[in-house]
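By letter and in written order, the chains are A, B, C and D; residue numbering begins at 1 in each of them.
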Amino acid sequence: MPDAHAIDRLFARRNFLNACVALTGGALIAAAGRARSEPTTAGPPDPALIEDLVAANHILFDQGVVDGYGHVSVRHDKSTDRYLLSRSLAPELVTAADIVEFDLDSNAVDPRGRAFYLERFIHGEVYKARPDVKSVVHHHSPAVIPFGVTKVPLQPVFHMAAFVGEGVPVFEIRDFGGMTNMLVSNPQLGAALARTLGNKPTVLMRGHGAVVVGNSLHQSVARSVYLQVDARLQAQAMALGGEITYLAPEEVKKFEDLGGAGYERAWELWKRKAMAEMR
Amino acid sequence: MPDAHAIDRLFARRNFLNACVALTGGALIAAAGRARSEPTTAGPPDPALIEDLVAANHILFDQGVVDGYGHVSVRHDKSTDRYLLSRSLAPELVTAADIVEFDLDSNAVDPRGRAFYLERFIHGEVYKARPDVKSVVHHHSPAVIPFGVTKVPLQPVFHMAAFVGEGVPVFEIRDFGGMTNMLVSNPQLGAALARTLGNKPTVLMRGHGAVVVGNSLHQSVARSVYLQVDARLQAQAMALGGEITYLAPEEVKKFEDLGGAGYERAWELWKRKAMAEMR
Amino acid sequence: MPDAHAIDRLFARRNFLNACVALTGGALIAAAGRARSEPTTAGPPDPALIEDLVAANHILFDQGVVDGYGHVSVRHDKSTDRYLLSRSLAPELVTAADIVEFDLDSNAVDPRGRAFYLERFIHGEVYKARPDVKSVVHHHSPAVIPFGVTKVPLQPVFHMAAFVGEGVPVFEIRDFGGMTNMLVSNPQLGAALARTLGNKPTVLMRGHGAVVVGNSLHQSVARSVYLQVDARLQAQAMALGGEITYLAPEEVKKFEDLGGAGYERAWELWKRKAMAEMR
Amino acid sequence: MPDAHAIDRLFARRNFLNACVALTGGALIAAAGRARSEPTTAGPPDPALIEDLVAANHILFDQGVVDGYGHVSVRHDKSTDRYLLSRSLAPELVTAADIVEFDLDSNAVDPRGRAFYLERFIHGEVYKARPDVKSVVHHHSPAVIPFGVTKVPLQPVFHMAAFVGEGVPVFEIRDFGGMTNMLVSNPQLGAALARTLGNKPTVLMRGHGAVVVGNSLHQSVARSVYLQVDARLQAQAMALGGEITYLAPEEVKKFEDLGGAGYERAWELWKRKAMAEMR
C-alpha cells in the first residue's frame, strides 16, 4: 500500500484539474484532444467486429443493463494498442457511424469535433492493465448498485453467473480521489479502478455502477447480463432468510473451464432481437 | 411558524369551498374560470418548447413515472408569468393541441369550456415561489410513495440521483388543510406545498406522490426518472441489511456542479423513442 | 354464527355434487344448463356497453390484473335481473361475439353448447346481494394474493386507492365449504362470498384472488388496478420498516366523495390502448 | 442408500470423462453420437405435436420462464421410447426444422452434425423413470432459484399452483457428483435427478434451476409458469411477516382432481400470442 497521505495530496491537485475538465463540457474536451498530437489509426477494424459492437450496445439496453448511460468497448482487432467505443451517445442510439477508435490513453484517432464519454478512461486503463481483456462494459445496473453501497459481497448463486465466484471487489473512489464528482474522468482514476479490478471479471463502483470485462464482446456482455441476474437472485435468496448455499470454488472453476461455449446460445438470441429492432 | 389553531380555523372554511369546487366537476370549474376576468396571452410559445412538453408527457409514461394521472408543465418562454400545461388528460394521450396557457393563479388564458387538472395550482404556486424553476412535474411514482408514508428519508444512493442529496422534504397535507380529500386543489394548498418544497429539487406528498422541479423540462423529467430509480435502489440496499454508504454532501455538490450536461444524453434517447411511438 | 357441524355436514354432501359437476367439464355443464328451463332474454344490451365490457377484459390483461384467468361482468342495462359475461375464455381473447347473457342464478339465456366460467356464480350472487353494484371483477392479481394468506390487512396507502380504506374482508372458503377445490363453483359458495363482501368495494379470497365491485365497469376495473398498486405500495412501505401513515377514514371519505370523476381519465387511456391492440 | 464413498469413487472417474466431453464442444459431441449405432426412428411425429412443441418454446420465453437457456421436450406420439427436443438453440429461436428425435439414452436418431443440449439427459432419464410423463421442461426461472439455495420449501400459495403441494424436492448435485460443473451432462446424473424427482411434478436444482414434468406439453408448460408465479407469491407473503395459510393437502388434491381442464384456457391465450409473434 502506498502512503495514503501522499496520495491524498496528489489527488487534491488532480481534483482541481478534473473539475476544470469536467466543467468545460464535450466540445472543449474534444478540442483538448486535438491539441495533443493525435494518435495514428491501426487501420479499419473488421466490419463484423463493428457490427457486434453496435449489437452489444443495443443488447445491453434491451436487457436493462444500461439506460441512457453506460458504454461498451472492444479492443481493435488490428492492434492491441487501440480500442473501439461509440462517441458520447445513449447505447440504444449507437450505429456503426458512431464508433470511434481510441489509443490506450483514450485519445480519439480522429475526433472531428465530436463529444466523447467523460469516463472513457475506464476502458483505456483496463486495456493497459489487462492484456487478456478484449472488451469492457461500464454500466449502472440497478440490481447491482445496492451491493456496492453495502458490505454484502456478491456471491455466485447459480451456474450461469459462476464467474462471480472469482470475487467482486468494490472500487471506493474516495480512497483514490477523496471527495469527487464520482466520475472516473481521468487516466489516474481509471488506473486506480483497473488496479482494484485486478485479475477479476468485474468490479463494483460504490454509488455508481460496475465495470465488467471479458475475453470477447460476447463474454463481457453476457457477464453483464448474468451479473445483474445473480444480484437479483442473491437479494431474493437473502430475503427468504437462513443460510444460502452458493457455488463452491471448485464448482466455479469447473463451470468456467467449460469456456467460450458458455454464452454463444444467448448471444445468438440477443443479437437477432437487437438487429430486428434496428431495422 | 404561524398559530396552528388559526390556520385550522381558516382551513375549516376553505375546505368547505374546496369540496364545493371539487364536486362540481370539470365543466363548472371551467365556467368558474371564465367568470373571472380571463388573463391575457403572452403570445404563442416557441413550437420547439411545445414539442418538448408533449414529449415530456409521453416520456414520463414510458418510464413508468406517471400512469393515467400526473402532469408536467413548463414556464412560458415569452413571459415568466405564464406556464404551459395540458388540459385534463392522461399524459400518454397529450398532443400539441391539448396544451393550454395559464397565468400563475392557474387561470387558463383561453379555457374554451375545457376541463383542467384539479391540482394545476401546484404548478402556478411553485412558479410564483421559485423564479429559478422553469418546469414542474407532479406524479404518483409507486417507487417513491413508500418514502412519503414512512419516516425513512430518501437518500442519494448513486451519482445519477445526486440531487436527492440536497434533501427531500415531505408535504403532510394535514398540517395545512386538516382532513382533506388529499388533493392540492386550491391556491392555498399549492402555496403551502411550495413552501414545503423550499429551495429543494423535489418534495414528497404523503399518501399521494411527489413534485419535482427543474431549470428546464429536460431536468425536471430526468430528475423524476432518477428519483424513481434512486428510491428503488435505496429500498433494495436497505433490504440487504447493514450500513449504507450514501453520496456525501461534497460528492453531491461536485456532481451537481457538472450542470446541464448531466441528462441530455438520456433526453435524446427518451424523446426519440416517445416520438417514434406517437407516429 | 350457525352451527359449524351442521354446515360441515351440509357441505359434505354439496362437495360431492360440486366434484361431479366440476369433473364433467364444460360441455356437460352447458347441457345441465339447458336441462333447466332457460331464462328469457332482457333484450339486446346497448352496443356501447358490450364494447366497454370487451375493453374491460383487455384492460385487465394489459394492466396485469388477470392472466389467462379471471373474469369481468356488467349488469344488463335493460334489466337488473340479468348480467353480461364472456363465455369461458382468457380475457385477452374476448370479443363482442363471446359475451353471454345470464340470469342472477347464473344460467345462460342462450347457452348454445358453449362452456362457461365455473365460478360465474360469484357474479350472480353479488348482483343479487348488492343492488348498487353494476359490475364485478374476479382476478388472481399476484400483488394482492399475499394479503389474503397472511393476517396483514390491506390499508389505503395513497389517495388513488382510497376505497381500500372502506375495509377489505378476507373470504376463507374453509369456513363455508370445509376442504374444497378452492373454486366458488356453486350458488351457495357464491352467496357466502357475497355475504363476506358485505357493503365493501372488494373482498380477498384466501389462496385464490379477489373480487372487486363497482357502480360501473369503469369503477370496478379501475379499483382492480389500484387495489393492485396499493398492495404493492403497502408491501414496499412495510419493507422499509417503521410506522406507516395510511389515509385516515376522513380522508378516505372525502376522496371517495369526489365520485365518478375519479377514474375517467385513466379509463380513456386504457381503452384507447386496448382497442388499438385489438385492431 | 448406496455406499457414499463408492459413489464418490465412481464419479471421480465419470467426472473426468464428463469434462472431456464438455470441453470438446458441440461438433465432437455430435461425432461421438454418430460413433455409436444410431437409433432408428419411430416415424414422423404428428405435425400438431411439433407445432405445440415449437409454441411451448416460445411461450416459455414470453412468460419469462426461460431466457437464452432452458429446454422443453415431449414424448413421441408414435413410440414411448423416443422424445422430441430442439437442437441446441435458444428456445425463442426454435422452429419446426430444429426439432430432433432422441431415444431414451438421449442419442439423436439423425444427428446430421448438429450440436445438442449438453443436458438432454435430463429428458431421457425422466422419460425412462416416469412412464406417466409426456413432457419435460428444464429452466432457470429467477423466481424459483432462491428456493433451491435456501432451506425454505416451496409451498402452494394459491390454487393455480396446487401441484406445488405434492412436494418439491431439491436436487443437490454434490450428493451424486461431488464438485461438478453443475451440469446434468451425462446419463448417470440424469438418472440421479430423476430419482430425486420421484413421483412429484417438479424438482429444484440447487444453484441451477428446475425440472417440471407433465402428462402433456400443456401441463408441463403451465406448471412451469405457475411454479414461477407461486414462488413469487410465497416470497412476497413471507416478506409481509407472520403466519401464512398455504393450501391444505385436501385442497391440493381436490383442485388437482379437476384434471386437464385446468390449464387449457391459458394455453389457448399463450399459443395464440406466441404464434402471432412468430409470423
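Here, a residue touches a chain if its C-beta (ideal position, glycine included) is under 8 Å from a C-beta of that chain, and two chains touch if they have at least 3 such contacts.
Keep in mind the model is a prediction, meaning the values are calculated, not measured.
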A correct list of chains touching both chain A and chain B reads none
From chain B, how many touching-chain steps at minimum until you land on chain D? 2
Based on the averaged CA atom positions, which chain is farthest from chain D? B
Rotation angle (°) superposing Cα atoms of chain B on chain C, nearest 5: 90
Taking all residue numbers used at the chain A/chain D interface, answer same if over half belong to both copies and different if under half do. different
Between chain C and chain D, what is the gap in Å from one C-alpha centre to the other? 35
Rounded to the nearest Å, the gap between Cα centres of chain A and chain C is 50
Residues of chain C that touch two or more other chains: which are they? 239
Full enumeration of touching chain pairs: A-B, A-D, B-C, C-D
Could you please specify the touching residues of chain B with respect to chain C in the complex? 19, 22-23, 25-26, 67-69, 88-90, 92-93, 140, 142-143, 145-147, 149-152, 174, 179-183, 206-209, 235, 238-239
Contacting residues of chain B [partner chain A, same complex]: 156-160, 162, 229, 232-233, 236-237, 239-248, 250-251, 254-255, 257-259, 261, 263, 265-270, 272-273
